[in-house]
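Here it is, the structure in full.
Should a chain be cited, it is by its letter among A, B and C, assigned in written order, with residues numbered from 1 in that chain.
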Amino acid sequence: MPQIWDETHKTDQRVIHIEPVTRLEGHAKIDIFLDEKGDVEQTYFQVVELRGFEEFCKGRPAEEMPRIVTRLCGVCPWPHHLASSRVLDVLFAAPPPPTAHKIREMGYCAHMLESHLEHVYALGPAPDFVLGPAADPMKRNVIGVIEAVGMEVGSSVIRHRGYAVEIENIVGGKSTHPVFSLPGGVSRPMTQEQIDRIRELADKLVEFTEFTLTVVDDVILSNKEYVDIILNKDLYYHNSYHMGMVDENGKLAFYGGKMRIMDPNGKIVDNFTENDYLDYVAEHTVPWSYLKFPYLKKVGWKGLTDGVDSGLYRVAPLSRLNVADGMATPKAQTAYDRFFETLGQKPVQNSLSFHWARAIECVYAAERLQQLANDPEVLGKDYRTISDRVAGEGIGIVEAPRGTLFHHYKSDEKGLITDVNLVVASAQNYGAMNLDIRNVAKTLIKGGQISNGILNMVEMGFRSYDPCFSCATHAAIGQMPMELVIHDNTGEEIRRIRR
Amino acid sequence: MAEKITIALKRGASCVGCDIAIVNFNEELFTLLEIADIVFAPTLIDVKYDALRKMPDKSITIGFYHGAVRNSDNEEFAHIMRQKCQILIAYGACAHMGGIPGLANVTTKQAILNKVYKETFSAVNPEGTLPQEISKDEVGHELTLPKFYDHVLALDDVVDVDYFVPACPPTPDMNMQILGVVKAFVTEGKPLPPKGTVIASEKTLCDECKRERGEKVAVDRLYRVHEKEFDPEKCFLDQGILCLGPATRAGCGAVCTETNMPCRGCMGPTAAVTEQGASMLSALASVYGLTDRESEMSEEEIDKLMSNILDPLGCFYRFSLPKSQLGRVVSDTKG
Amino acid sequence: MSESFTPKILIFCCNWCAYAGADLAGVSRLKISPHFRVIRTLCSARVDPEFILHAFKQGADGVMVLGCHPGDCHYIGGNYRTRRRMALLKVMLLQFGLNKDRFHLEWVSAAEGEKFAQVVNGFVERVTRLGPSPFREIKEEKQRETIAAAAQAAAAQ
């Protein structure tokens, strides 16, 4: 039986720090400020890391970018690798042949699976729901889950995720920091042997993703207390816009589609492609975090608030399911239908349902992987377009496991990077994370009564989004710099000292 | 039955690929868990900083620190890990040499501040707001952020390191090697390698790479990777594709060259040289554009030849800039 | 610029030509600035780019490499290698931000005492005008940041 609630104790502190937040990718902390009564006044979810990609990539040869930008994130290097490649397909005027796109997408489906499965079983819902939000923190992790469910199931989870990793290795060379994608295509064609193995594994993965859906059913959806928590509008809930990619039939897509925006009332208000993204997306800076807040330009930045007048929007599995007309593969479509029958009309705004949506995306990813592995064109020998032309600019969008990812580079006439803009998946959910954390804290913490379970439930406010903050904070900044310039008596600069 | 050891994983300025490298132990994770308990690993386990700080000194057997040191937080925890762990391992290219984050040493904090928060295409910031080490909200709540350093550093620039595991990220084979060493140490009392060892080969990648090489490597013309298709059997340099193999350690299984992509040096240099960039520069300059009329070539011709090599700094020091001799780009007096 | 700045300059001389040329300059009592030190190698090709980078790291304000004229190398083709490596090193040093006048490659034969004096004096003058190398401060800068953090960590324990 999962432990959902635990005994509280009173704290006299006016600030509670949760540091670091755990079971996510990234460096962040939560500050909960209490008033004199011990009720929550305000919360902040601060991201404390940054590195500087948008600046230090300047001067690098553009064709090197796909292997540099993977290091934005070791959990989701594939979206960066492929978004970067799509930029360069345009920047070098080298449209890839269909085989290349299919090889890329095939590897990418395996990555989606690998990343999503890792979140479902290791980072997010499994520890929190199998063991319960208030379970012993030393047990509330993937190791504790395996102990609870038994070695057979545990091994199966690890083995199947391992299959996805194996496919990533086959297609990409390395599962973490793939190397295979280039401007104009991929580095080599697939062999029959490789495709046979991928087909074999894809079949197993389709089965396993169906199993994962039953796990969601058994552990979460059949537990009335959990369902109450999911549906409770004072907890993990707010009314936001949603953004996601769809294919030419309006079905959910990860790669090669167009973008859609849905408003909090369920209306599709905008469609756009790469070239127009700057008309739709802008980023806001705050002094208390290194992470910027993307928002809808047309609606405007209205602060950390929800509703149709706030420019905050969400991305990733729930949002993708919301904006799409359906799923492009049959088992995923069945799961999609059940999802909306259960949770009601679009857009579904209950944040914890991201976990279920993620499991449904696993089914699509596995089926799509199967489709591509069985497509004769994936064995095509036309795997690259060679070009020596430098067009100077490119934009690429893919759907990362954690949301929409935008890469945009400019180069000079030699093809050396002059400008980089990255709008990264998790940043677009950063506002939502702050809102959910605030709502949960305000509802659960009263009169200074806290417990380890309550604090974990506050953390669950961000975990629905499976955040990836290394990506999100690609920038590196610091304190205001100081520079001292010394001139000689002719006014000529002779020395510069920097702090 | 030998007692279980304890393990901690901490990250600095990292992409977390190194944590994933450990998750990718797959079923070997069970082997690891038989001999070790993981007592601190924020990506996977809900143990917070307070708990780590309270652990007695030297109470954790092995600490894995991955990521570069680029802010006060990263450094603080480098020191804490050094205190709490008997053995501290710099795990992955970033902790070893600075890694890709180390490329930030080509620029300055000011340039980055301006770029990221004011100048990117999507940034909208008319007030010029910047993140602050200390800030207050409208009610007076104080919020802090770590201090960012001017320089990106490797782990051993701030603390004493026992072992280095190169590569970005360390490969499954390398991890199994380490697991084997740790297991032998725990269950059989076998001694660990000498302190300061880089746990990898002392040969260069060319030794491990299966491609065919000519008698002597001669790079007639340099092609950028998007300019031609690659022969999957032939040495990259022989084909005119820049490959850092000659300046890079073996031990990664030459996965990139197997995938028909040239090496970019993530394993770092062998112990025979003091830095990777000079090593590659020497090697390349010695074999590039060799002609029969070497004696007649003018200085201008040679300069022109070398100018075809775009971005030597960013290429030869892709993963190792903070550990290069010079360490970073500077601003010099105008002549 | 304060007149009290004395640059630290390192000159690599090959044994057979440049070093002999330096000797000749000395024996001929030519006027040469004293602000440099010589490291003699058997061939200019022995000068690994690593040495030059290390010299700048250690605080050299200027570095020169002097060797035999192309075609006259005692080891036949050593200086062909030298000039290629130094050409590429120049590109990279510029990327590092160093002013181009801080590094120079020149050919000086055993008979060219005058040339040696000229080249050295010119180099010393140019480097003096540039002032201290920006790399002099880097080491201290890094330590300042890290020592402060160490003290903080120690205090927080």
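Everything that follows uses one rule, which is that a residue touches a chain if its C-beta (ideal position, glycine included) is under 8 Å from a C-beta of that chain, and two chains touch if they have at least 3 such contacts.
Quick caveat: nothing in here was measured; it's all calculated off a predicted structure.
Distance from subunit B peaks, on a Cα-centroid basis, for C.
Geometrically, the chain at the heart of the complex, using CA-atom means, is B. The busiest chain interface, judged by C-beta pairs in contact, is A-B. Centre to centre, using the average C-alpha position, subunit A and subunit B are separated by 24 Å. The geometric centre of subunit A is 50 Å away from that of subunit C, both derived from CA atoms.
Centre to centre, using the average C-alpha position, subunit B and subunit C are separated by 30 Å. For subunit C, residues touching at least two other chains, in rising order: 95, 131, 134. Annotation for subunit A: residues touching 2 or more other chains are 59, 494-496.
Counting partners per residue, subunit B has 106, 149-150, 311, 314, 331, 333-334 as the residues that reach two or more other chains. Of all residues in subunit A, those touching subunit B in their complex are 15, 18-27, 31, 33, 41-42, 44, 46, 48-52, 54-61, 63-64, 67-68, 71-75, 77, 88, 92, 94, 118, 122-123, 137-138, 140-143, 155, 158-159, 161-162, 165, 172-177, 179-180, 182-184, 187-188, 278, 281-290, 292, 294, 297, 301, 384, 386-388, 406, 408, 414-416, 419-423, 456, 470, 475-481, 483, 493-496, 498-499.
Subunit B meets subunit C in the complex at residues 53, 72, 75-76, 79-80, 83, 106, 149-151, 153, 157-158, 273-275, 277-279, 281-282, 284-286, 288, 294-295, 299, 302-303, 305-307, 309, 311-314, 316, 324-335.
For subunit C in complex with subunit B, the touching residues are 48-50, 53-54, 56-57, 70-71, 77, 80-81, 83-85, 87-92, 95-102, 126, 129-131, 133-135, 138, 141-142, 145-146, 149-150, 152-154, 156-157. If you check the complex, the residues on subunit B that touch subunit A are 11, 13-21, 23-24, 26-27, 29-30, 33, 38, 42-50, 70-71, 73, 99-101, 103-104, 106-113, 115-117, 120-125, 129-133, 135, 137, 139, 141, 143, 145-150, 168-169, 171, 224-230, 232, 255-256, 258-261, 264, 310-311, 314-315, 318, 331, 333-334.
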